[in-house]
Amino acid sequence: MTVRVGVIGAGWIGQEHIRRLTDVVTGARVTAVTDIDAERAAQAAAGTGARVHADGAALIAADDVDAVLVTSWGPTHAEHVLNAIAAGKPVFCEKPLATAAEDCLRIVEAETAHGRRLVQVGFMRRYDQGYRQMKEVLDSGRIGEPLMVHCAHRNPTVPESYTSDMAALDTAVHEIDVLRWLLDDEIVSVQVVTPRSTSKRFAHLKDPQIMLFETAKGIRVDLEVFVNCQYGYDIQCEAVGDTGLVRLPDPSAVGVRTAGQHSTQVLTDWVGRFADAFDTEFREWIANLAAGNEPTGPTAWDGYAATVITSSTVEALESGHVVATDLKPRPVFYGGAA
Amino acid sequence: MTVRVGVIGAGWIGQEHIRRLTDVVTGARVTAVTDIDAERAAQAAAGTGARVHADGAALIAADDVDAVLVTSWGPTHAEHVLNAIAAGKPVFCEKPLATAAEDCLRIVEAETAHGRRLVQVGFMRRYDQGYRQMKEVLDSGRIGEPLMVHCAHRNPTVPESYTSDMAALDTAVHEIDVLRWLLDDEIVSVQVVTPRSTSKRFAHLKDPQIMLFETAKGIRVDLEVFVNCQYGYDIQCEAVGDTGLVRLPDPSAVGVRTAGQHSTQVLTDWVGRFADAFDTEFREWIANLAAGNEPTGPTAWDGYAATVITSSTVEALESGHVVATDLKPRPVFYGGAA
Amino acid sequence: MTVRVGVIGAGWIGQEHIRRLTDVVTGARVTAVTDIDAERAAQAAAGTGARVHADGAALIAADDVDAVLVTSWGPTHAEHVLNAIAAGKPVFCEKPLATAAEDCLRIVEAETAHGRRLVQVGFMRRYDQGYRQMKEVLDSGRIGEPLMVHCAHRNPTVPESYTSDMAALDTAVHEIDVLRWLLDDEIVSVQVVTPRSTSKRFAHLKDPQIMLFETAKGIRVDLEVFVNCQYGYDIQCEAVGDTGLVRLPDPSAVGVRTAGQHSTQVLTDWVGRFADAFDTEFREWIANLAAGNEPTGPTAWDGYAATVITSSTVEALESGHVVATDLKPRPVFYGGAA
Amino acid sequence: MTVRVGVIGAGWIGQEHIRRLTDVVTGARVTAVTDIDAERAAQAAAGTGARVHADGAALIAADDVDAVLVTSWGPTHAEHVLNAIAAGKPVFCEKPLATAAEDCLRIVEAETAHGRRLVQVGFMRRYDQGYRQMKEVLDSGRIGEPLMVHCAHRNPTVPESYTSDMAALDTAVHEIDVLRWLLDDEIVSVQVVTPRSTSKRFAHLKDPQIMLFETAKGIRVDLEVFVNCQYGYDIQCEAVGDTGLVRLPDPSAVGVRTAGQHSTQVLTDWVGRFADAFDTEFREWIANLAAGNEPTGPTAWDGYAATVITSSTVEALESGHVVATDLKPRPVFYGGAA
């Protein structure tokens, strides 16, 4: 069975995923596209055989749409996801699930009422081979109980439109999700300390930031977010347990020796770093749907947690204090204790 | 356009490629299968919608076969490839193109007469990301003119049926092809030296072997082939130029520190090592065919060269002498000098 | 000229340094030893030709003592150092210079009054080749202005007598000194966060601890101190600047591949990690004295700063708050602004 | 007891060792120097308190010379070593022990007649920490029985006076010795293959060369000697056994990330690479002599073997053939079978 996907939002990431569903992932076909810019929707649909719809509601309602992919502007996500749930159709929503925690909870409630998982949130790191190897090691007990995680998220540069709160909302959000998954634990508080900012920054921007998370089990995470590090796109993660540690590998690259230096290339682009993870993410999503199974990726609850924790992180940045995340208890539907 | 592929030979590798063309590569469909064991063909076809044909000739003639994939027993390759050329259909042939040099030349002549490339030979290393990075560095001139290449090809174990000549015919053949491509050069002679054999070997087997190749430009290659190295599947390649060197990376793997050791996993399986290369190989082959282009991968001439050079390597092993490969001049059709 | 050294304190580290001055460092001779345990002093002196003195004062006064080495119990350091200054003799004092900040200041004042540097404090990391390479990179501007440093100090185990405050006083003190030197900056505040403690710990011990330092320039340092990490003795340090980063190397070790693993040994012993640094430290100290020069290593001021900062770190651990170090301004004698 | 050393030959390496014995190694003193250039001898002796002698014979005879260090021009080594043996004095001879095999044998006979080891030959790699770690692994059986060794010896450049035979005589000689020691085996034959020479070479020079050695046990060694590799001084060694492999580490160096590259420095100078090995070599030599023990380093027999094997390598280079080394049987005095 080919899964017929309708795509809401035909910007850069929407186009990427249309290409992915068309050229890379077998078993899927993009049959519908919509965008607030109808011309952009038409361009994105060109050559795929997809129809252009006037809006998300029309697309979701279309008979030839089996599943919905939401890649529109963040503030519009909740409405589309809720509509898809109302239509009983599986929906893959790029992060954030919703920009407000209450909207995330409305989604959670709607899905719970539906009684079956429909929602998957686009946290692709869980599909990266390196993180999966880390999780295997953590779950195996080889390094004992995890106590600390040291992370860094570095981008070469960001545009002037990037503001200090985006370090949490757009950047750290990926680590927040992958850490919750790696550790099978919840983040209960956050503090942000701010080194002097890089001289390469725009004056308005606090960059780098060091975010300090504490989990329910008492694990401490330090996460350097540095979005103008100049030298490359570099993701580091090291988990330390009570008998050992495990470290995310750097991407494989040829070693070159010339002129007194041994050197390997550092990526400068996140697309290259996580291209395989995106492919795997969509391959697994489509495979689950094609088999008539529920999605197995990040849930609406994970989307809710990410929105709450990133909001708390912004509050911690702005206040200078430790902020409790005050997440609601995890419902049984999402694996919480009965 | 979906490329409809007929598969001749439904053994392990045939089944792998059927799965790949069905589940991994978009734009292709397996529509026909044959095997000398009809039951095996039927099992391999099950669930793909492919029809089972009585033999290769029937499969090649079928209307719903746009392109042929030959994964049968090596000695049968030439016949199928020649039939495909006669039918004017693109044909992907797993190595070897043919077990005898004369048969390779017959293929070369047939394809040349046809006037357009139809044949691609299954040397997947050219599609491995690490080798591609090496080639980029070599072609860029960053390490100057290449002078030497040091290689190792290690398998954990082989079954008792593996004989000493297979070190060249089945194992080194991959390095022979990828070196010709990396260096854009031809191998003109070969010598084999034999260390004492591993105590883990079967008594009949010379393992390891060290193969010494010389190219037309005077580049020297040493290749350790060690198919019972016990510890893992390990492919090493280092090219040394007159101003620097470039080295194939090890596969990316998490680092773990426990009990006084920093360790990373070494693969034990070639499937894991080259799975991505196989995927890319077929993705590019199908993309070329779907676009109506000639295949861009290893040519019939590359298949001929590999057969001649591996034969010379066996002769060198058995004689203890340096053996000239005596390749015919490369025809203009295959990029040779006019 | 051979420098005749008197050693006050013949415990483990005193014996190590007697051996070092006798067997490893040229240009020095141990001529006098004292210890509160006279028998231990006699044993340590045996075979070196050194005389045993009744106490530190007698040793410092001895005609055949050109320079004094203080390796006694920490709380006694200040008295011996002050006596040596009073005698106008160079004195090398193992850390801490003094356990109380006021005592450090008395030493600073006495040395300043003397008008010439006599005191060197035993922070050996400044003599480690890796840290020296890091400093070269930092000073060269290759990575721009430093913004953050990520450190880890891990010991396999500590005895039950090790208490939570020793994480700062005995362990982190080395990073505190080396960071001040690497960054050419002063630490102005400290906070300590405590992950859940390792299950391998003694119940009284907070281990690991994460110490967060801020410097006068606004550089942020996070330092994991984990003294029961089980797997090895492991020192990590990575400085991130506004255009790049530099990372302390792991000690050089052969790579071994067996049984599906590539592994290198992790040291389990700090002596092995810093043996060369200790040798260099004493070689340079003796060379300076033999040439009639002032010592060039860590100063009494560095000793004062370390004592203040480690005390503040203990206060931060116990209070859970950010603690300002409130260091006095650096005197001109020690390189401060006039 | 201080060992009083007389140094014959005050060129660059002689001066290096005078400095080493004076400033680095405890328990030794240079008391005598001679050189064919008396002025150079005087300069080298200046500041050490050493007397200058008219020639080697006078120096060897001097009462205040306990041990002799021969660092003169290679062809003069044999005479000085024989004189030292005749005088019953320990003698450390830089490689080669003698340039002619017969002279080496005369030394072997003289020492055997003396009945106690006096001679040590200056192969410093046995004192390098990395090679010592390799030997530990090899001797432990962790990688099983060694079958192959892959080596490279690369220098950035050599002067025009360097001739093709020096690749064996001056360069590969170090690997030849260290391999015999690592493997506890003898080299029985050698072949040299010559890649096209680097375009950076002088026209007269065959560079690089690949030397292929076979040992008595059937181990195969390939050694790349490339003395104008431009990029650095780089020593590689990997031993492959029947269950695993062990690889010499690169020297420890900080990692730097800037501008899309992760890089570590490659040494450009052999002095830096083996400075510690030289120090250890002399420290152990002096310690043995001071304790009244025989030297434990490379023997006269090792010196003989190196001279024979390097000569055979030159013959192999010039003839293009496999050359048997035809070493005499190892005498019982040097650990041979009775």
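A, B, C and D label the chains in the order they appear, each numbered from 1.
One rule holds for everything that comes next: contacts are C-beta pairs under 8 Å (C-beta built on N, C-alpha and C of every residue); 3 or more make two chains touch, one makes a residue touch a chain.
Only a predicted model underlies this, so the values are computations on that prediction, with no experimental measurement involved.
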* **Joint neighbours of chain C and chain B, given as chain labels** => A, D
* **Farthest chain relative to chain D (centres taken as mean CA coordinates)** => A
* **Length of the line joining the C-alpha centres of chain C and chain D, rounded to whole Å** => 38
* Structure fact -> Chain centres from averaged Cα atoms put chain B and chain D apart, in whole Å, by 44
* Asked: In angstrom, rounded to a whole number, how far apart do the mean CA points of chain A and chain D lie?
  -> 58
* To do: Identify all positions of chain A at which a residue touches two or more other chains, and write them in rising order.
  => 230-231, 243-245, 250, 257-259, 264-265
* In the complex with chain D, residue positions of chain A that touch it -> 230-232, 234, 250, 257-268
* Touching residues on chain A, where the partner in the complex is chain C -> 144-145, 147-148, 150, 152, 193-200, 208, 210, 212, 214, 217-220, 222, 224, 226, 228-231, 240, 242-245
* Contact residues on chain C for chain D in the complex? -> 22-27, 129-130, 133-134, 137, 142-143, 243-259, 264
